[in-house]
Amino acid sequence: MLFQVEMDVNIPLDFDPEEAAAIKAREKAYSQGLQESGKWRHIWRVAGQYSNLSIFDVESSEELHGILMGLPLYPFMTMRVTALCRHPSSVREDDS
Amino acid sequence: MLFQVEMDVNIPLDFDPEEAAAIKAREKAYSQGLQESGKWRHIWRVAGQYSNLSIFDVESSEELHGILMGLPLYPFMTMRVTALCRHPSSVREDDS
Amino acid sequence: MLFQVEMDVNIPLDFDPEEAAAIKAREKAYSQGLQESGKWRHIWRVAGQYSNLSIFDVESSEELHGILMGLPLYPFMTMRVTALCRHPSSVREDDS
Amino acid sequence: MLFQVEMDVNIPLDFDPEEAAAIKAREKAYSQGLQESGKWRHIWRVAGQYSNLSIFDVESSEELHGILMGLPLYPFMTMRVTALCRHPSSVREDDS
Amino acid sequence: MLFQVEMDVNIPLDFDPEEAAAIKAREKAYSQGLQESGKWRHIWRVAGQYSNLSIFDVESSEELHGILMGLPLYPFMTMRVTALCRHPSSVREDDS
Amino acid sequence: MLFQVEMDVNIPLDFDPEEAAAIKAREKAYSQGLQESGKWRHIWRVAGQYSNLSIFDVESSEELHGILMGLPLYPFMTMRVTALCRHPSSVREDDS
Amino acid sequence: MLFQVEMDVNIPLDFDPEEAAAIKAREKAYSQGLQESGKWRHIWRVAGQYSNLSIFDVESSEELHGILMGLPLYPFMTMRVTALCRHPSSVREDDS
Amino acid sequence: MLFQVEMDVNIPLDFDPEEAAAIKAREKAYSQGLQESGKWRHIWRVAGQYSNLSIFDVESSEELHGILMGLPLYPFMTMRVTALCRHPSSVREDDS
Amino acid sequence: MLFQVEMDVNIPLDFDPEEAAAIKAREKAYSQGLQESGKWRHIWRVAGQYSNLSIFDVESSEELHGILMGLPLYPFMTMRVTALCRHPSSVREDDS
Amino acid sequence: MLFQVEMDVNIPLDFDPEEAAAIKAREKAYSQGLQESGKWRHIWRVAGQYSNLSIFDVESSEELHGILMGLPLYPFMTMRVTALCRHPSSVREDDS
């Protein structure tokens, strides 16, 4: 099942830069593991923003929730979640 | 260059149903031609809405604008356009 | 899988009252069939509004989308869809 | 009488984690006591958010207010309260 | 139980003035009957607007919903409903 | 002259509880004095919120402003002020 | 007593131009009469908009409401009303 | 040239009261100097808010910007600026 | 003096296409005349929208207002006007 | 390719003034270098705000993103990015 998730990241100005760098490194590894497993299908940067637009392919809302709660940057993020379906005009069977 | 485009369709209640069906058929053919050419990379339906979430891969804003103005349903649509970039955490070279 | 769906109904002032009554009767039958099948788990009226708050229990976003598109009142409705999960504090196993 | 209550939780980044854990444990016990008494009829997690959607069945607005003010997490919450009624299409007598 | 209800009235420019006058006369009679029964405790005009601010004292959300649906001007109105409680600083026992 | 005033109170999480209690006690005394004088005609709690809905009966905007600026909790409040009039459908001469 | 009133005018595209011109002429005469009486202290055009920003000096909200309801363009207007006071830094006694 | 400027002031709760008083005194002197020069034509208090509504009469946007940046309270303010014109219905030549 | 003006155009679906084409032709000629005179410094299309972003260089708000009111498409437009100044970091003397 | 970028700057009240001055000096140098290279085509100050309106001319969204992320004031900024196209009514070939 597909979900669009938009994530805005906001790290406070006075947050320790080393700790921030460590969290971002964990975030990258976490995201790449999920991309390789196929759960996190797409991730794009929004131009000019510390935000991403992602597409997840999961079994259920519970699985999505678990993945998002596990994001190392989750405490710094604001999220918008939208449930998606296959579009009747899509030419791709595997892009449902 | 990638753009996210969200399109909401709103056909008036009293619009002629046959004309609406003809416009939708032209819209589907137009969309599928662009999907096959690779310009319209993804199209998903937003659950519960007469709306789609699409990803376009075009040469420039001008090309995007021309494609969107050519949509048979354009006069019935509201659009939100967002410029995207490759994300530094993406594992896919071809998903920039 | 659970979804919250909020539906606002807006029938134009000059819409034929008999046709409106017929559509509402079909809407009621359609809703009750889905309630009896367990797909439409709850439906409440929002006090003072021609709106409802509903909980659906479906297999997927696609199934939800199909159900909502089939609503006889769909052309008169504005919808907000929210994906839900079981809450870790819930005492009810069957209310996930 | 039924009320929908949407609760968003926002604990500051620098709040003591042990104190937060203790408050959350009290919150869970408080919620479960009210669920068992039938006052807090439903609680669902909103996918991707530290938010819940709840349905309360109380005698009056005063009772609802007292329950919500007593939430251990109340100082960290933003609330939206909506009064609900039985829906004329509902098939359930006990879901008024 | 007390509810604040804010009502905005919007009669289309081309609505028949005689019919509008008849509806407004019925609205006034309906409102005054409910004021005399004590259900509609207060009604004030919002300065500069075709809107009112009202306080209702009813048994339940269902009773409120029934009263509001019965308003002759209901099809022309937008409503905002807010559940109220006695305030702990109030000096009036009868203003709960 | 009547004004509706909606007041939302927001005391920071780390504000000294004793000082907060002292300010609230002064607020209550201040409010009750004005209620007894007839200036602060009504005060209701908004269900689920640390907010009130109040009706003031004052000589002028200046008098209202002076009263509101004198609220011990004013530095913690957000306000919305709306000028009201007697409603032509009101049955109460003394509720103008 | 002073009030700021912002008025946006929106005449439908298909409204009869002669009737519109007649209403605007009555509006101008009505406004100028009130300006000369001192009730309508200031009127400015908002650049680029069919909107004005006005300052009224009236006895009460009731008087303001009566004046605004009497505007020939009132059925085409959206209004925002804000109660004003003398500012403690003002150097003008007569500009309260 | 005329501009409407709405200024909301928000001084943090923990800001030093003596320093705040000194800034407010400088603000008052600065404002009164500009009022006397005719640049700051009107200043009114918004009832119930720590906000003002002002009318400036300046040579250009640059002059306005310079004046506003010079406000001692500027770092504590949120501003909304609207360009105004003479209204065709105005009876005052000097109130352009 | 510089102003940013954002213009959204919305021609009703059932508006006569020939009349629309004639108005658009007049709009283009009007715009190009003002561009050549230097009053309308820049005009860009917003990608995916029937909207433009324009920069005007005029003597005053009055001149701007007159120009905008003269737009043949004005009755179909929604506008947002923002006063601009030279930026202290700008390297261009002639771009103030 | 052209983009409109609106940047609002918000430096906390308690930020070290010398450090702020140093960042602003770096920002100015950075901006002027990009202006001279032609990437940052225009920059204007929004009257009354610590905000600018800028036009960028870049190869791609990626290039824009890189430029914006490099702004010394980026951590203090909120951005809105809009993709622009040549307007069909523009008289300037070089202003696409």
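Letters A, B, C, D, E, F, G, H, I and J mark the chains in the order given here, with residues in each chain numbered from 1 onward.
Just so we're on the same page, a contact is a pair of C-beta atoms (placed from the backbone, for glycine too) under 8 Å apart; a residue touches a chain by one contact, two chains touch by 3 or more.
Predicted model, so just to flag it, every value in this text is computed and none were measured.
Asks: In contact with chain C and with chain J at once: which chains are those? Just list them.
Replies: Under the touch definition, chain C and chain J have A, B as mutual neighbours.
Asks: Can you tell me the least number of steps between chain C and chain D, where a step is a move to a chain it touches?
Replies: 1
Asks: Please determine the option from H-I, F-H or E-F whose contacts repeat those of C-D, over half of the contact pairs being identical by residue number.
Replies: Of the listed pairs H-I, F-H or E-F, the one copying the C-D interface is E-F.
Asks: Count the C-beta pairs in contact for B-J and for C-E, then report the pair with the higher count.
Replies: If we tally the C-beta pairs in contact for B-J and C-E, the bigger total goes to B-J.
Asks: Provide the C-alpha centroid distance between chain A and chain C, rounded to the nearest whole angstrom.
Replies: The separation of the two C-alpha centroids amounts to 29 Å.
Asks: Give, as an integer number of Å, the spacing between the C-alpha centres of chain J and chain I.
Replies: 22
Asks: Could you please state the distance in Å, as a whole number, between where the Cα atoms of chain A are centred and where those of chain F are centred?
Replies: The separation of the two C-alpha centroids amounts to 45 Å.
Asks: Can you list the residues of chain H that touch 2 or more other chains?
Replies: 2-3, 45, 47-48, 61-62, 64-65, 81, 83-86
Asks: Let me make sure I understand the interfaces: which chain pairs count as touching?
Replies: Taking the chains two at a time, the touching pairs are A-B, A-C, A-D, A-J, B-C, B-I, B-J, C-D, C-E, D-E, D-F, E-F, E-G, F-G, F-H, G-H, G-I, H-I, H-J, I-J.
Asks: Report the residues of chain I in contact with chain B in the complex, numbered from low to high.
Replies: 13, 45, 47-49
Asks: Tell me, which parts of chain B touch chain A in their complex?
Replies: Touching chain A from chain B are residues 2, 4, 27-28, 31-32, 35-36, 42-48, 52-53, 55, 82-92, 95.
Asks: Please give the residue numbers of chain E that touch chain C in the complex, ascending.
Replies: Against chain C, chain E makes touches at 3, 5, 12, 15, 61, 64-65, 68, 75-76, 79, 81.
Asks: For chain J, which residues count as touching chain B in their complex?
Replies: Checking each residue of chain J against chain B gives 1-3, 60-62, 64-65, 81, 83-86, 96.
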